[in-house]
Each structure stands twice: as C-alpha cells, then as structure tokens.
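Listed after this line are the structures, all set down as structure tokens.
One chain, subunit A, links the two complexes that follow: it is found with subunit B in the first and with subunit C in the second.
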Partner chain A sequence: MKLKSRTEGDIVILEVKGKVMGGPDAAVFQEAIKAEIGKGIKKFIFDLGGVDWMNSSGLGILIGGLTTIRNIEGELKLANVTDKIQSLFMITKLVTIFDSHETVENALNSFN
Partner chain B sequence: MNDSTAKKLEKSDPASSSGRGWIERRAFSDLTLTLNIARQDLKELPPGRVPDEWLKTFEKRLARHEQLLESIQEVQRTRLELHLITQIALSLTNTLDQDEILKLIVDSLKQMVDFDAAGIFVVSDDGQSVEGEYLTGYETCDIGIIRQKLGQGLMGWAMNQMAPLTVTDVRRDPRYIEARSETRSELVVPMFTGGKVIGCFNLESDTVGAFFEKDTKHLQTFASHAAVAIERTRLHREILQKQKIDEELALARRMQRDLLPENAPKYNRFDIAGINVPSEAVGGDYYDYIPLTSKDLGIVVSDVAGKGVPAAFIMASLRAALRIEAFSRYTISSVLSRVNDFLHESTKPDIFVTAFYGVLDTEEGILTYADAGHNPPILLREDGSYELLSEGGMLLGAFPGALYHEYRVSIETNDTLILYTDGATEAENAAGEQFGVDNLLNVCRNNVRKGSSAIIEELLKTIRSHTGSTQLQDDITLMIIQCH
Partner chain C sequence: MPLKKLGELEVPSDQDYLAEVDNFTEKLIKKTLLPSSDVDDVAIVISEAVNNAMVHGNNLDVTKSVKIRLYSCSKYIRIVIQDEGGGFSPEDVPDPREDENLLKASGRGLLIIRHLMDEVSYKSVKSGTQIIMDKYV
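This part shows the complex of A and B:
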C-alpha cells in the first residue's frame, strides 16, 4: 500500500494505492490520518482509484479510518471506489456507512 | 574433525622429533656443513694465524644460520599456537549451550595468553543489549561499568572498527573506562560471522605492556572459531524455539478443532454437512450447528477479518458470545445486535466479523435468518434457479448499536442451501483467477443428487484442482443443507 496526501482548503485527500491488506498497512494508515488530525483537519477524502486489491483486513483499515475521523466529529468521503471494493461494500453492508463518490471532484463538492 | 586428521596433526606436532620438518633438517645439515668446512680450514691454517678475511666470512655465515634458526623458532611457535587453537576449536563443538561455550572460550584463552581478568560478551543484532556473557577476574567490579566498557570503552571501539585493539598502558588511553583499578594493559578482539559483529572478548593485565600486536593475529583466528561456535548455539536455540512454537500451534489447532462441530446433526427431512479447512495452523472461520430445541437448529457460518492466531482469538470469543446469546434470546436480530456490541467492546474497530446466522425449523422447513455482512448463502431450488439470502444488516463488531432485521424463507423438498466463506470463492490459481461464485454454484448443481457430504467433497476437490499447487490464501468453510 502507498499513501499520498494533498490538501484542498480544509480538506485532505488521501490517495491510496496498491494492495491494501492489513498488517503493517493498518498502522501506517492510522498514523497518516492522525498526523492530519493533529494539524486540525476534520474533512477527509480517501481516493481509492489506485487500489489494486483489498482483503477483509484492508476493509478493516477503512473502517478504522472512519472511526478515527468520526471520533473527532470529522467527515469522510470516498472517491473512485472500484467495482471490486464496491461489491465488498455491498456484501458487508458497509455501503450504508461510507459516503462514496465517483470522482474526487464530486467528493470535494459534497462537503458543505 | 575425524581421526585421520587428528593423527596428521599429531604427526605435524613440532614437539615430537619424528615430525621435525624439512626446514629444520636442512638448517641442521647446513650448519653442520659450515662447521665441518671451518674445522677443515682451521686444520690447514698454521696455528695462531687465522686471517681476518676468513674470520669475516665465517661470522657472516654464522649470522645467516642464526637468522634461519630464529625464523625456524617462529614457525615452530606459530605451529604450536595453531595446533592449540585447532584443539580448542574442536572442544567448542562438544556443547550447544551458550553459557558453557563462553566459559570454555575464556578458559581456553588462558592457555594462549596470560591475563588477570577476562570477559566475553555476545551482543544483540543492534549491539544494544547483551545476550550472553562470561566474566572472570572482575569479582569486585560494578557490572554497570563493565556494560559501559562494552558500549563506549575500548570494547565498543574494537567492535565498531571490527578490528582487534591492544593498549599497552590504559592510563594513557582516553577511550579506556576503568572497571578494575589494578588493570594496566588491555587487549580486545571482536568476534564476527558473515561480516556481522556478534560480540567480543577482552583481556586485562595488571602489568604494563602485557599484550603484543603479534598475539592478536592468533587470537583473531581463535575469535573466528569462537564466533562460529557461538553462532551454532544461537541457531540451536532458534530451532528449539521454533519447535516449541510449532508444538503450541499444533495444540491450538486441536483446541480450535474442538470448537468446531465434529458431526452434523441428523434430521428426517434434512441432510446436513459442513467442513472447515484452515490455511494456517489455526484460522478465523467459524461454523456451527446449535440445537436450540428438538426441531429448531441454529446454523452459523462466519469469517473473522484476517487469519491465523489473531483471527483464531476472535473466532473463539465469537463462538462463546453467539452460543450464549442464541440459547437465551428469541429473535435472531437481537442475538446479532448483542453479539455485535460484544465484539465492538472487545476489539478495535478495524477488527470485524461477517456472519450468517439462521434458525432452521426442521419440521416445517422454514429458515429464519439474518446476514450480518457475510457472503450471502445461495438457496438452490430444485428447478435450478437460486436466491441469495443477503438481507440482515451490517458486519459485526465495527459499529456499536447496529440493528439487524430477520427474514424467513421456505426450504422445499430437493432444495439445497449453500453456505460458504470467501476463502472458497476467492481461492486463486497461479494466474490469480478466483474460483468464483459461478463455479461454486455449478459444482453444486452438477452434484445435487449425491447428497450434502458428496457435494462438499466435490467442491473441495474442484477448488483444489483450481488452485493447483498454490497454497490456500484463506480459510475455507462450506456447509450444505439439503431438504428431502
């Protein structure tokens, strides 16, 4: 898994790439979010367009991220969710929890 | 070392006259020749009239013989030392206990060099901690200071430089850290294997200039033998540790097997079979039959995110929670809500479980169920059509207060209910292609008349032939319920 972050105003876009599969990735992901929260960021977009593969532990990483952001009363939007991840969201019913958008642009616009 | 090599060593021992080398024999005959010539010359010269020229030549020849004898002595000394080192190195192969090896090394050093105190230290990979040590002659010293010597003093320097170090007078060396007030000179030799420093030994003497540069050459040879012996004890310990872990994992595997059903329950109208194949010693898949009443059977198929030992812990908690709730609650939705909250309290949010839980009325053929984020079971009807039992609610353990809804479906004669975990459908072949739900369904369709156990056997066989020699990436659980 590779992470790259950029900021648009008060929103951080976290680009996630490669295989997302738990283990050390989980800590890296949490650290990245916490670092942004430390800077006062409350609005996040996870751009999942570059994710090649995600297993159940990878889903756990997303859930962990969402929980951390919710705990500071922040907001999380997902963008570029691939078909494979979308079908995982459908099976697990996470589709009702995550606010997914087709593009980063749409996700940016969805923040009020 | 075998017997014949040992005999050769014995023969080459310069201390035994029979083994004297050609250099010694040649030197002896040369000297005899010189003396014979001189004797002859002296006989021929008139008495009291030895010419200066002759004396000069004679002195030159004697000086050359002297030089030769000195180098012969040096060769003999080296041979003796190497012989001693080889013998000691041999004795180091007698034990695999690190403490014994360290003591043996220090005792052996005493045979090679004289010292008043000595220590040997084995350090961790990062050099930060001491993994073994043996000290002699430091009886009244502070162990804290000895450790300091190891990190910053002469020992630290020698290990950093990966080179031996001789200090003639420690009082004149700013790197020296004092542990013994009597010490005047010190010698440190680092030990390494494969280019990596594993520790060092250090000798201290109460005499100034007790150690010489030439001592270090042999001690370095000895240090390389010592390092190999220490490395052998480390490998041996690692093998023992791995054996212990393997034994514990085998025990955990047996215990986990006891948490899974041994046999499927038998009913007149229903033919049931299930199996769990973990990809590692223990796994995170769980399936169960919970006989709630004589006719109502609770059925569970679930998958903990992740695999191996961490997943196995959650699997055991899930089983306990689900069984307790199943026996004490009427509705499936409340059982799942309680289990969800229990798992949420017990784990971090990124740990979750997907589960299908249903209660089968084995007389009426009604299945009441809720799917908590699990791969939906497939209800294969007699006519070949199928339904996915996907309704229920959120996966378990991630979000507190999740609500679940229960649904009912009638299972008719010759219908087949297929429950599975994603380890089955996502099993990959070498090309990375997944087995898939379609294949799962097709195998069931093609074997539908053979009964639940035979369907499971066919499914496993087909999945295994799909993956080929590739190792399973995830645990596989399958359950088949057929209505007759």
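This part shows the complex of A and C:
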C-alpha cells in the first residue's frame, strides 16, 4: 500500500494506492490520520481510485479510520470506490456504513 | 486431466512476507486457465488465508511457518494454505454482517473467502491445519 496526503482548505485527501493486504498497512494508515488530526483536521476524504485490491484488513483499516474520525466528531467521505471494493462492501454489508462519492470533486463539494 | 501441482512456497509467520507470497502466487495463477477477471479475487483469498494462518494458526510465531500450495486441473484451481495450529470451528465464527459486528475492524476474512471461492474446506493434518479453496475456471 502507498499513501499520499494533500490538503484542500480544511479538508485532507488521503490517496490510497496499490494492494491493501494487512500487516504494516494498518499502522501506517492510523498514523497518517492521527498526524492530520493533530494538526486540527476534522474533514477527510479517502481516495480509493488507485487501489488494485484490498482484503478484510483493508476493510478493517477503513472502519478503523471511520471510528477514529467519528471519535473527534469529524467527517469521512470515500471517493473513487472501485467496483472490486464496492463488491466487498456488498458482501460484508458495509455499503450502508460509508458515505461514498464518485469523484474527489464530488466528495469535496459534499462538505458544507 | 488430473490435479497438477503448480508450485509451493513456505514462509515464516511474519506479515512482512505477504507481499512475497502475493508476487509468487500471482505469477502462477496468471499461467492457469483462470479468467483474468478472477485473478485478483484469488489473490485476495490467498492473502486472507495466509493472514489467518500466520495470525490465528501460528500466533505470529516466526519459528512457525505457513505453506502455500497451488494446483490446477481442467476444471478448477486449488489453493491449500497450511499452518501449524490446532484448527478451529468455522461454524462458531460470528457473522460480521450482524448489526453488533458491523463496525468491528476485523472478522470478515472467512466471509470474503466463501464468497469469492467456489469450494472451501478445512482439514486437520499431522502437523497443523489446512484450508483448501477451489475456484472453477
């Protein structure tokens, strides 16, 4: 997994790339979120467009991120959820948990 | 056509080896009759089963290893992942889709394996436990 972050105003976009398969990935992700929260960020977008595939560890990472962000009364939106990730959301019934948007642009506009 | 062994890999129970397992198995899977749209699904289930073997079967004890074997015939490809643990009862595993489990960070691996593969079974062997997963080509 590769992680890159950029900031637009008060919103942080975390771009996730590659294969999210567990092991060190979860700690890297949590650290990145915590670092942003430390800077006062409350609005997050996870851009999943570059994810080749993810497994249950990847889903756990997304849920862990959601929980961390909700705990500080922040907001999380997903963008560019691939068909493969969407089908995992269906299998695991996580579809209803996440606020997904077609593009980063749409996700950005969905914050007020 | 009888079941033919494509390859075998043995790694210590250290999750840093997941990427190596993925590289090794992806190359072999791409040479089979499996449609390319299914290659990622098989890579996902291998990562699930190897994670489980390392974490639950071998308690991340690096002196214990995980064996990955791939087979194929004209009808299916078979993946066998073996750990050195005492096994478990799949029917006792909680359903991650229940409301009270939905926000838990883990517990979805076996569900994903069952959805992406056509046949899944477990076998107790002399030195540990195997999960046997078949995908029709």
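In the analysis below, the second predicted complex is superposed on the first by the 112 of 112 C-alpha atoms of A that agree within 3 Å, B and C clash if a C-alpha of one lies under 4 Å from a C-alpha of the other, contacts with A are read in each partner's own complex, and residues count from 1 in each chain.
The definition used in the following text is that contacts are C-beta pairs under 8 Å (C-beta built on N, C-alpha and C of every residue); 3 or more make two chains touch, one makes a residue touch a chain.
The structure presented is a predicted model; accordingly, all values stated were derived computationally and were not measured.
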Subunit A as common anchor, with subunit B and subunit C clashing or fitting: clash
Contacts of A:Gly64 with subunit B and subunit C, given as first, second, both or neither: both
First (subunit B), second (subunit C), both or neither touched by A:Lys84: second
First (subunit B), second (subunit C), both or neither touched by A:Asp52: second
Superposition-derived comparison: subunit B or subunit C, residues of subunit A touched: C
Which superposed partner A:Leu94 touches (first subunit B, second subunit C, both, neither): both
Which of subunit B and subunit C A:Lys19 touches, first, second, both or neither: second
Overlapping contact positions on subunit A, where the subunit C interface meets the subunit B interface: 22, 55-57, 59-61, 63-64, 66-67, 91-94, 97
Footprint of subunit B on subunit A - complex, ascending: 22, 26, 55-57, 59-61, 63-64, 66-67, 91-94, 96-97
Residue numbers on subunit B that touch subunit A, as the complex places them: 303, 305-306, 348-352, 354, 372-376, 390, 392-395, 398-399, 422, 474
Residues of subunit C touching subunit A in the complex: 15-16, 18-19, 22, 40, 43-44, 47-48, 51, 96-97, 102-109, 111-112, 115
Subunit C-facing residues of subunit A, complex: 19, 21-24, 52-57, 59-61, 63-64, 66-67, 84, 88, 91-94, 97
